[in-house]
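Take a look at these structures.
What follows is a pair of complexes built around chain A, which joins chain B in one and chain C in the other.
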Partner chain A sequence: MTREHPGLFLAPAAVTLGAVALFPALAVLWLSLEERSPLLAAARFVGFDNYTRLIADARFWNALANTVYFSAVSVALEVLLGLLVALLLARAFRGRALLYSIILLPWAIPTVVSARLWEWLYNADYGVLNYLLGTHVNWLGSPGWALHAAILMDVWKATPFVALLLIAGLQTIPRELYQAAALDGAGAWTTFRRITLPLLVPLLLVVLVFRTIDAFRVFDAIYVLTGGGPANSTETVSIYAYKVLFQALEFGYGSAVAVSVLAVVALLTAVYARLLRGSMT
Partner chain B sequence: MKLVRGMGLILVAVWSLAPFAWLLITSVKPTPELTQLPPLLPSAATGAHYLAVFTGHPFLRIIANSAVVAAASTLLALAIGATAAFALARLRVRHAPLILAAILAVSMFPPIATVSPLFLAINAVGLRDTLMALIVTYTTFALPLAIWLLTNFFRQVPVEIYLAARVDGCSAFQAFTRVILPLSAPGLIAAALLVFIFCWNEFLYALSFTSSPAARTIPVGIALFPGLHVVPWGEIAAASIVVTLPLVVLAFAFQRRIIEGLTAGAVKG
Partner chain C sequence: MTNHTPGRNCLIVAVLLLAALFGACKPSGEESSSHPPVVVFKHSKLFGDPRPLAQLLAEFERANPGVRVRAETLPAASDAQHQYYATNLAAGAADFDVFALDVIWVAEFARAGWLRDLSHLLPAAEREAFFRGPIEAVTWEGRAFALPWFMDAGVLYYRKDLLDKNHLAPPRTWDELLHAARTVTRTESGVHGFIWQGKQYEGLVCNALEYLWSHGGEVLRNGQVVLDSAANRAALTFMRELLTSGVTPEFVTTLTEEPAREIFGRGAALFLRNWPYAWRLFEQQGSAVRGKVGVSALPHFIGGKSAATLGGWQLGVNRHSRNPQAAERLAQYLTSPAAQKVLALAYGYNPPRRALYEDPELLAAQPFFAELRAVYERARPRPVTPQYVRLSQVLQAEFSGALAGLKSPSQALIDAQRQAEAILR
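Moving on to the complex of A and B:
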């Protein structure tokens, strides 16, 4: 047999990922030590100045708190509701394929479109939500409500994804276990507590961390829904970084803000990789 | 119990669909009725918003941009990704699990953390406000997804088939293109669909790298929908319906493949 040359097969991907993904991920660290504008070539090395500024920046801490709250609440709801939906849909019934397609829709459409859609549902004056509830709440205009409005939208969009993953997990649980439990006279709740849930825990953890990584990066949904307002009450770290980069045109400091997202995500990814390896063995 | 289940299923369907229904209703409501509730339903359906979307704005151009960017990126990501995935699945690659883990890490990169250096690089090579900038970026960031999915699918093709092709005198590359690829068509379709959806929906890079309708894609077009004093909700709804349609078609036509792709990574590992 001729030689295989695996390196040649890997080269195009390695070059692309190296140049367009890895290089920027390293370059952003360097940028975060500079003071520079995006369009002028002039740049000045300032060491860790941007990071000392970051630590003293109340708006950054506010954005971080918002991001943590948004991620924690939306992911908790998504996993809980996703599990409920998965249990509901796991057993075969007529029209299941159709329902699968239907719950795929919120996940499949562009986040920007769903944000526009929810912005309209939430509209204070003409929104159908206020009409149906008989209320006059300015959902996106009041600091107490806006972040929760964003969370509800995210739950709408991501729960189907969680449910579909969990359904796939449910289907890998051997049927004999359920038959044995039924023979032993176990009720639905006992069966769930003793068989389904323990066997689903590894996958639940994987989904939990995966969704947390995704939620922590949140940008599109909030950029369109509220732009970070009112009074920065929905501003996440990604939104804040974007504003510093492309509105204040401070590429050095903006990169430092972005590095904080990268650091948290890197940490979560390490956890995720461990969980994946655990669930495979 | 059966009744509770049935009601639960209906609730899930309504919860998923109701916002779309409202979008559809909004898109055919005459403008004066948009600011009136009740009634929920329009007195008569109008096509005015759809007409306005296609005549008043460079909307067709934006749709074409998205189609070109998503199609080109999907093609490139699949070609490059399949080649790498084949090596990882079937050839003797040292540290293959480590390489896959590194690729997974890349897929987690927050776009906000790479956007500033990429912006500078794209600006430096004169690609700002071009579709090419988006194609290069999307191809790269879709690669991890493509490689993970395809490695998984290629591994499901029995190794004996690959070895038989090799014994019959195929080079590794021929065995890949003539034997493994055709046998993995369902996996390729699943990967293509997910990559296409990713590219069609991407927002942050598109927002940062483009500045004119010449290179704008759909998400940016929808997010920055022009409206001077009043937000044109009817037109936004109509535009949203138009750009959502392709995805609705995909979701219904390829439901099984999309779900297969979605779950392949997380469940089978």
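Moving on to the complex of A and C:
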């Protein structure tokens, strides 16, 4: 083999990525420009008609607002709580490994299973949550509570993941920096603000990218907990896309909804990537 | 048809490549000279012993020499089946011949041209043998596109013991139900008045229609949307009042069939709206309410008539079937009185044929069939339209908004009317 054909070695990876990532994405993009429904025997190119329909679709904007709210609140809470947990657990103590594995449990349980679990906890008739709080709140059945109930479950599930990543980050900060700060008489808060936080920023941004993208696509947890109800108050863009694609079988319009998720996620990633580059230099 | 867009071709190439990769060689029901014709029968799994159905199919083969039947099951989730049939039928698949359709798909599939016209199998006399609801449900533009196989309809379950204790009769009107629920829950602690299915999903539409209809209201009349009517407003307002008055707990907005059945089944509710399947479970060994449960038609508003939403399964024949004659014979055979009796005895599924509700053997096995007959006479299909799924999604969201108190019932109906008109335009 000569040096002239490095492309040959890249080919398997390129073909695989093309087949499993690029092709489906392009196919969905293409579908979003068609009116396609097996029920209407429709399959024709309609340009941006689906997107003009999207812009005028109140249900879509409601779903987008729900998704943005869900993502913003849950990710903010997860990062804050995750950081707190990481700071508490980063120091060396006996039984640390065991504690880490216990903490990771919520993250390890498949989402559909934990959603069922939370469905029981939230049960308004005999759920543990109402029992402990001594209340009769209709957690999953009232428009004011349902989305927050979903957020709480997401925070429960993802905080350990955030904490674990941040613990790893904390351990890469050289001890000398802390010793020097201590010699200079810096207090705990100053040390955190001047040393820990700045050095964690790149990792925090990575965590934010992962969590935001994940939260923005939320489907399984909410699908099991509420199915999008009551009154579409928990319908996220992914759930809406599912209902259009797989219940109403409007493949063209449903793809447009799905592409909108992709667009927002791409935008968010670009913003984060920019911030990340800034924080590295 | 402009099917030959580049996207579709790419997709086909990709699928073929994948098929080649995995050596996926799908068996098909193709007729060939050396093999007898195979009729493929697709249906969702029947819950229970698979043998009675297998025996029926074997009997059909004996009666039709030269025809072989292969039964294939699909997952129980209705959405998954809908998607499976729609995508395969749209692609002209011929690898299944007879298949079971949910009652709400018939118009959709018939309009798409996927079903064989079976009108000749349902002459007037035969149509009379079935309840009216299932016949309406399989009819699209005056032609029949499927044969009713099993049926379902909403019924009212009540606690006989609690009503007797308070000298109350089973309610015939919604007001009587309110009165009875208030009277009983005043003295019985831990008992909810009336439980039903109020979560935002298909079941909510089934429930709500029963109130609308029993007040003389409708969703569609002659193809026109008539949601925003005085009758519908009064009916939906009553549903909301069930919650605000405490007769129905607010968490009914989270309930589907099974959680609702479970609450009544452990003795924590006086009334329950559910499908007939629940009866067996209430009467089985170890049930907390065994022997204490009565069934009746759902109540109605004063001046209205009791109504029940129709559910159930029909058998259709794939228009692209390569063995249409044999397929039609199989559909006819499986919906015959004899076969429906076997299936009712073996699986407890309710036949859509009137005469079977007078069959002594069936009545002995399922005593409450006697009660069911009156309900089934009144069972009505949900709006028969090819756009049913989209219409239902609108109704689910708007009814849910009214129940949760997010908007007034009249606003919900105005909003539903506007969206439904846009869909059916």
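Going forward, the second predicted complex is superposed on the first by the 255 of 281 C-alpha atoms of A that agree within 3 Å, B and C clash if a C-alpha of one lies under 4 Å from a C-alpha of the other, contacts with A are read in each partner's own complex, and residues count from 1 in each chain.
Everything that follows uses one rule, which is that a residue touches a chain if its C-beta (ideal position, glycine included) is under 8 Å from a C-beta of that chain, and two chains touch if they have at least 3 such contacts.
Everything numeric here is computed off the predicted structure, so don't read it as measured data.
Contacts of A:125 after superposition on the shared chain: both chain B and chain C are touched. When both complexes are overlaid on chain A, the residue A:80 reaches neither chain B nor chain C. Once chain A of one complex is fitted onto chain A of the other, the partner contacts of A:39 extend to both chain B and chain C. After overlaying the two complexes on the shared chain, residue contacts for A:31 are found with chain B and with chain C alike. Once the two complexes are overlaid on the shared chain, A:248 sits against chain C while remaining clear of chain B.
When the two structures are aligned on the shared chain, A:23 is found in touch with chain B and with chain C. After overlaying the two complexes on the shared chain, residue contacts for A:111 are found with chain B alone; chain C is out of touch. When the two structures are aligned on the shared chain, A:6 is found in touch with chain B, with no touch to chain C.
Between chain B and chain C, B touches the greater number of residues of chain A. When the two complexes are overlaid on their common chain A, residue A:138 makes contact with chain C while staying clear of chain B. Overlap of the chain B and chain C interfaces on chain A: residues 19, 23, 27, 31, 38-39, 123, 125, 246. On the chain A side of its complex with chain C, the touching residues are 19, 23, 27, 30-31, 34, 38-41, 43-45, 59, 123-125, 138, 140-143, 226-233, 243, 246-250. Listed in rising order, the residues of chain C touching chain A in the complex are 1-3, 5-8, 10-11, 14, 79, 82-83, 86-87, 89-91, 108, 111-113, 198-201, 249-254, 263, 268, 386, 389-390, 393, 396-398, 400-401, 403-404, 406-407. Against chain A, the residues of chain B that register as touching in their complex are 5, 8-9, 12-13, 15-17, 19-20, 22-23, 26, 34-38, 40, 80-81, 83-84, 86-88, 91-93, 99, 101, 103-106, 108-121, 123, 136-137, 139-141, 143-144, 147, 166-167, 171-173, 176, 197, 200-201, 203-204, 207-208, 218-220, 222-223, 225, 233, 236-237, 240, 243-244, 247-248, 250-252, 255-256, 258-259, 262-263, 266-267, 269. If you check the complex, the residues on chain A that touch chain B are 1-6, 9-10, 12-14, 16-17, 19-25, 27-28, 31, 38-39, 84-85, 88-89, 93, 97, 99-106, 108-118, 120-121, 123, 125-126, 128, 131, 156, 160-161, 164-165, 167-169, 172, 203, 206-207, 210, 213, 216-217, 219-220, 223-224, 237-238, 241-242, 245-246, 251, 254-255, 258-259, 261-262, 265-266, 268-269, 272-273, 276, 279-280.
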